[in-house]
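Everything on this sheet refers to the single structure shown next.
Chain IDs A, B, C, D and E follow the sequence of writing; residue 1 opens each chain.
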């Protein structure tokens, strides 16, 4: 049987449970990983830094984190690779209050926006301004910790805050009963690589086949989730004690499903070289990174099954 | 003072408190319930002021909302509280078991004191969050890193106050038991320790509340259970009320542990009556 | 009698009792309805068996312990806090270990907010008088028991109190230093004519120094005998000790002790 | 003991340490440099073990790498360190100025003690991060929230140890100065405070290291400057070496402040020699 | 002389000096090359002016302070730590405030790891003997000064030490309680025949109790006179005090003090 030769795959998320991770649990519940010959162990995490650390020390086989972080880390020399990129663009939006609505880039001028160190949504605001030809100096960034951003926004201390459409927005709208004016950054040309699977160079060498099976099962799980979000909701809720209501979880899962795509003709998770190159440019726009490393050190599509 | 019956006056004095130089307390009733009264007053003010101040419930929920939420979530909070409690107690116990011998070593050896103090202080001030990735790496995501953090942050006050307690002992008392042929071991248990107990317990009180902080930080970093984890979860769901419900539970845990230590102290130490 | 200004305080004690609460609730009646009037400028000695309540009486007079019943008045003011005229030598020396000998002696001056610099010379003088010249800069832990006690005496004397309460002040002194101190105390008193309450365990010391000796009974403390000592002043060491009235007083006091069964015959 | 010249023997004894019951120290040389020696040994071990253990520099850089980085980044680190230092000192000073009067109130009034202790403990254990949005809301993004956090986390040990110190005073010493007509104010300054100083300084030592933690947490929450902010920055850029360089600077700050307090203590307190 | 087993320790002190280091670096020579041999089972009293080094000598004998030069041997063993045969009554009572009176008395028994239960009755007996029956469960803070001192004496006696060092043990006692204690001490010693070194500030007390009185000179402490007291045993209170030899001894010792200029004539 499969289980006799099943291989362990330890997977660490970069954060606590959220709707984005729903498909893993659906896949597990449906036995997709077992069928693929993989004994999957999922664990919640506490930030990309810690997750990547345990990845390169071999304690994890794969970590799930925003691709942009992985690219930044690889550019710094970390011996890891992206082996699947589910969200070529992070589903980030800027929300605002109806009385001071921001729905186009131009509206941003004269507004204050919450910013936390290392936060995807606002770190690349400069690039976003450039793309959309607006004057960034007219947008004032207010620095705070990531936990305070939304409360500060709700308390109207800032006009704009960036949220994940997949996770934050459904919860927020449900909580406040407000439909916030939304400025979808991806629609206005800001593509920051989102959910990605990252493995270490060592791990790829040693556990390639298992990772391949894992990614294949992921693809199936994603398909299954797209087809039946309610089932994914139930699967996630089964492990997510403190989670929000089913309705909200399902909204998260649906939004996530909608954000996962790959260029036509490629399998789910396919990594586009241009996406990586653009991301390196983005990073280069906010910090000194020197010459970009060769593309091959950032990713591999080898483990994806056609 | 009028000349009244001896026994009557004595009883009056007993009720009044201990010494005449002491401010007259307004009876034991106020004393007994003062904590409650103050708590009620503060919570009442909070309840009333939150809506008035225009604070959104996303920033600061009212106490009533928090209390209601706590009651509704008792099972959830309890499950996580047990985890945190265990970590705190284990971390604190480690702090005691390592802190006190360390304090002894510092007390006895000046060379050791000089060598170890800077390291202890450095350890104490290192931002624990910076250690987190390392801890996770070596200790995994289980109990170990949280207990370690609770320990790391809590043992310093134990060391310091034990050392202060040991140093403040009257040299003559040590000579007394030495003259009876006491070994250093006996000197410690018969004189040094009892005399230092008030200090040591003072250290314990600070340490236990820090241990709570340590465990919660540990749970922020590497946990899938515990009140710190629950708090982060609540936060990422913008569930401020649950966040505060958790925070209140965490504080409650701290207060409970504090009073357990206070009770033990009252049992094992002889308090000299200090003239007020 | 010399004619210095009348600085001695008058003490009026009436039906004074003191009950100590104990942890075990077997309360101790330490003083039992004591009545006592002390004339301003008189020297009163108190003797009594150990534990009879002498220190308790002193503590009440000093305004440090509240009476259980009864009242104390010093110069007519009811005592409920230390009276400013009072100076106390406690049974244990109670030197502040973090202060030098000189600073310990100057403590009451600091507290009374007087000019410390002005009293420094006086402090040195007192030190010299008790045989501790040059010890001003030492710390209490560097002194012997008797030296500490002498420093405590200097501390009480520096303010020349109108009411001087002394609790076995010469207890730790060798016979000869004590003789010296006794004579010095008499001279001081003759000069100042302040009121002195002198607790001692030496009957001879009491009779030698006092105008009046109070003999207290074992617990609960009462005044068993209030004996006026009629010996000429200034008293001289050898002369007074050879006086037969002196010996009669001493015998009379001893007799009371023996009658109370404190003394077992050998 | 051989019978030698008195003065010679006395000098020998002086060199040897204080009491005969004290373990013979291996001379003052070891004593003086013990901190340095231990530090060198530990750093050496770290330097050697990091590569051996297969730890990536992304997880734990070698001390040499960190040291080099610190040297290269001195201007950057210094700018941020000044900010943090100011916050720590201000928060600690607030802790002292509020903690000591609070300790006095607790010492003098049992009703107050009962009422206030649970609140202090609760305040101490509340996860400070939970307070962040509130602090930022009310205190903005400037100095205030960081100083407040440094204060909040550091004043509890000051309160506890001051109370312990005040309580341990011999009642008779208080009676002594009272008998001289001392006001309660004078009693405090002439007796209570000097006698409690060793305890109070023990509290200060714990408090100052906690103040560092508090300020750094404050900078995580709301800062655009300061070592905590720098650390977050380094972290988000996966610059582990800079992260550790910052951590070392933070610890260094803590150690420095600790020794400043230790030095002040040595000047203002009279240490009884405790028999070892 | 009774014929109990020879339990007294022999003490041999040679060229013993003690220098105290001080903070100000004006070091104090407290004992200066003392030579002294004490026969097992003898009762030696030490008198001398306050601050002459009596307590220092005791502390060295007890093995608590290191000698600066010279050596001490107890039963032939060089003293560098407290000798197990030694029992000490210190000049201050040093009761542990967190222990009851009884537990304070039993402390040496606990430390010697003997059966505490077996000694409890003995402790009660001693307490009764010093007039403190029923005080076993009190705490030291509930006692008067003299009572505390008596408890400290009981604590030293409970182990019946072969070498008993007493530093002004009766200093805080009234004349009559002291008389009682002096007689009790003599009885104990006659029964045990242990070696006693008895520091006192009472010359009469010293002569009454001792086989040998050492008179020390003012600092630096030396033994000025080593006087054998040849009075019959057991000595009786009134009888001995009327003995003219007794008075001759007392006078002889006083004369030394006076010659040294300690006493100022009045």
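Here, contacts are C-beta pairs under 8 Å (C-beta built on N, C-alpha and C of every residue); 3 or more make two chains touch, one makes a residue touch a chain.
In this text the structure is predicted, and so the values were computed from the model without any measurement.
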Could you pull out the chain whose C-alpha mean position is farthest off from that of chain E?
A
Far-end chain from chain C, centres as C-alpha averages
A
For chain A and chain C, let me know how many angstrom lie between their CA-based centres, rounded off.
86
Using mean C-alpha positions as chain centres, tell me how far chain B is from chain E in Å, no decimals.
48
Chain A and chain D have mean C-alpha positions lying a whole-number Å distance apart equal to 41
On chain E, where are the residues touching two or more other chains?
81, 92, 139
Each of the following residues of chain B touches two or more other chains, namely 21, 55, 59, 133-134, 137, 175, 178, 220, 272-273
Touching two or more other chains - residue numbers and ranges from chain A
49, 53, 57, 147, 151, 155
Chain E partner contacts - residues on chain B that touch it in the complex
172-173, 175-182, 186, 190-191, 194-195, 269-270, 272-273
Write out the stretch or stretches of chain C touching chain D in their complex.
59, 62-64, 81-82, 84, 86-88, 90, 92, 94, 96-98, 107-108, 110-112, 139, 141, 159
Hey, which residues of chain B end up touching chain A in the complex?
55-56, 58-59, 76, 79, 132-134, 136-137, 140-141, 220-224, 229-230, 232-240, 242
Chain B partner contacts - residues on chain A that touch it in the complex
15-18, 43-44, 46-47, 49-50, 53-54, 57, 59, 147, 150-151, 154-155, 167-168, 171-172, 175-176, 241-244
How about chain C: which of its residues touch chain E in the complex?
20, 22-24, 28, 47-51, 54-55, 91-92, 131, 137-139, 142-147, 150, 167-168, 171-180, 183, 201-203, 236-238, 254, 257-258, 262-264, 266
